[in-house]
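Presented below are the structures under discussion, each in the form of structure tokens.
Common to both upcoming complexes is chain A, partnered first by chain B, then by chain C.
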Partner chain A sequence: MNDGKTAWRNIRIFASLVLIGAVMAPIFLSDASWPVTARDYLMAQGQAESGAVNLVSAIYLGYRAFDTLGETIVLLIAVTGTLSLLARVESLVSPGPEDTSSPNAKGFSLSLEKRVSHALRTNLLEEVTGKVGPIVLLFGFYVMLYGHLSPGGGFQGGVIIASGIVFLALGNPYEDKSVLVRPAILGGMENIAFLLFILSAMSGVFLGEGFFGNPLAVSGTPEGFIILMNCIIGMKVGSSLAFMCIVMMGGANHD
Partner chain B sequence: MIERILLLVLFMIGFWAIMAHRNIIKKIFGLNIINASVVILFILEGSRIGNEVPIMYGGIGLTADPIPQALMLTAIVIGVCVTALSLALAVHLYRTSGSFDIDVIKRRIQDEA
Partner chain C sequence: MTILLLTLIILLAVFALFSSDLLHGVVAMSAISLSCAILFYILEAPDVAITEAAVGAGVSTVIFVWALRHSQRKDDRHE
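Here is the complex of A and B:
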């Protein structure tokens, strides 16, 4: 009976794999020629129209800025959903208020008095991450600020900043942990970044450029708008990803 | 052609992880593998009409198409969002049913009802 059930399940899995392969193979193995019209137009006009040397940031902050708006909203929804789900879990597991944002909340690493009993867990991780964290943050800001000139931009820099914040959170064994790793601060940063994003997207309206229009388009430095938007997006992506990671790590003591 | 076949295999591995594994965490990472294979496919398609990076310094040849790259930039962040949200759902299921195994969860929910 049980063997028959397993065999039937395997047959079903195999059949579904064959079917999805039949559907996906023409897409993955297609040999149709890729259109060059958009690439040629962007090579000729993209830098003059948006001011960004990096054509990818010219697209996601200029031609297709509504994509970026939708993406930031998805990020906001994901953070809200994750937080509400985990908050319900917390209330199920430990009834009673557990405020991880208070200044005397414990760090993510093993507390000092437990080091003796957990001898197999070395403090190599927190020593390394605590020292690497600030350097990673600096590199993230570099990638974010030079997004219009070099490979990089708000999304990439934001992800690097988020890893820097997670490193800082992992690397501090003491009570006086950095302000940046507190969930309340990160949530506030995310909200402010979203507000700034909408406001700067609307700034073009008053100069006759439309929503997401570049307000500096007629001035000599149109790339200023790209730099501003890259910074705001980097702040938003960095704070939301770090927020989700820190909430998922549980904030308080785990050993 | 070989890279396309490998990408199809990567996609099938992700799909197989979703279909065959009973552990929810493994299903979520199957979803992640599918996401990665689609992202790499878009980058591969965009690089068919040129090899240079789309950063317009002087003396550059034919660049890769920057539009798939810009689209995949948002797709990667949304993939992270989907992973985080589904992991939070998995934790919630684990706390309420005590298991990551989809069959056990189903049985316990039926017992509760």
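Here is the complex of A and C:
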């Protein structure tokens, strides 16, 4: 009985692999040349029009900025869904008699006498993450601010900032030592960043450039808009991801 | 090098599918993300490589491990 089940499972897995291969095969076997019109135009005009040396950020904040709006909305929905799931299943996912009773379970850190018994929180982890956290945060800001010149940008820098904030929270032996690791502050930062994102997306409308148009397009420094958008997106991505991680690890009673 | 990395990715993916311990599968998926990041870097897409390394190997692994820690182990073969 059990062997039959396993064989049937293997047959299904192999069948799905064969089907995936059949779907992907035309892509690998075709001889059609790549479309080059947009690529050639961007190579020739992109840097002059947007002012960004890194053409990827010129595309996702200039030519295809609507996609970026969609991505930030997807991220917002993901965070909202995670929080609502966490709030519902909190009674199921926080077992263990030592976590529920004390008021210290509110934050990310455990109190000193509990940390001895908690396998995830060791002295090594605390020392290393507490010292590495600010450096990671600084690198995240670098990737975010120089997104128009070097590889990186708002999303990448935001994710690195989020891991820096999580490091700060992990390496923080006392409750709420740093303002950045408080979930309420992070949630507020995310809301403000989304509002700023919409406002700066609309700022081109008043100068005749249209929604998501670059308001600095005719001035000498068109890359200023890309730097601004990179900062806003980095703030939003960083605060929302850090918010999600900290709330997940610290429990749902997060205000 | 590219062929090597692609083969490694396929092998790790097969291992992640067939491993009975979910934690091994999570670690294999993290290794897939890391190999993908190296592959993207070799193919001159450093932007994508940064994102893949940070999201795939970092955040999603943490979230998977968190979910595993808070779930109960059920195994119908070793009961």
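To be clear about the criterion, the second predicted complex is superposed on the first by the 208 of 255 C-alpha atoms of A that agree within 3 Å, B and C clash if a C-alpha of one lies under 4 Å from a C-alpha of the other, contacts with A are read in each partner's own complex, and residues count from 1 in each chain.
In the analysis below, contacts are C-beta pairs under 8 Å (C-beta built on N, C-alpha and C of every residue); 3 or more make two chains touch, one makes a residue touch a chain.
From a predicted model like this one, the values you see are computed outputs, not experimental measurements.
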Now for A:34: first (chain B), second (chain C), both, or neither, which partner does it touch? first
Just chain B (first), just chain C (second), both, or neither: which does A:249 touch? second
Examine A:85 and indicate which partner it touches, taking first as chain B and second as chain C; both and neither are also allowed. first
Quick one: name whichever of chain B and chain C touches more residues of chain A. B
Taking the superposition on A as described, I'd like to know which of chain B and chain C A:51 touches: first, second, both or neither. neither
Look at A:155 in the shared chain and tell me whether it touches chain B only, chain C only, both, or neither; answer first, second, both or neither. both
Touch check for A:163: first (chain B), second (chain C), both, or neither? second
One more residue to check, A:183. First (chain B), second (chain C), both or neither? neither
Quick check for you: in the superposed arrangement, does A:241 touch first (chain B), second (chain C), both or neither? both
For A:143, using the defined touch cut-off, is the partner it touches chain B, chain C, both, or neither? Pick first, second, both or neither. second
Overlap of chain B and chain C contacts on chain A, residues 13, 54, 56, 93, 151, 153, 155-156, 159, 241, 248
Chain A partner, complex, touching residues on chain B are 1, 4-5, 7-8, 11-12, 15-16, 19-20, 41, 45-46, 48-50, 53-57, 62-67, 69-71, 73-74, 76-78, 80-82, 84-85, 87-89, 91-92, 95-96
Show which residues of chain A lie in contact with chain B when the two form their complex. 13, 16-17, 20-21, 24-25, 28-29, 33-34, 36, 38-39, 42-43, 46-47, 53-56, 58-60, 64, 67-68, 70-71, 74-75, 77-78, 81-82, 85-86, 88-89, 92-93, 149-151, 153, 155-156, 159, 237, 241, 244, 248
Which part of chain C faces chain A closely enough to touch in the complex? 17-18, 46-47, 49-51, 54-55, 58-59, 62-63, 66, 70, 76-77
Could you pull out which chain A residues touch chain C in their complex? 2, 13, 54, 56, 93-95, 143, 151-153, 155-156, 159-160, 162-163, 166, 241, 245, 248-249
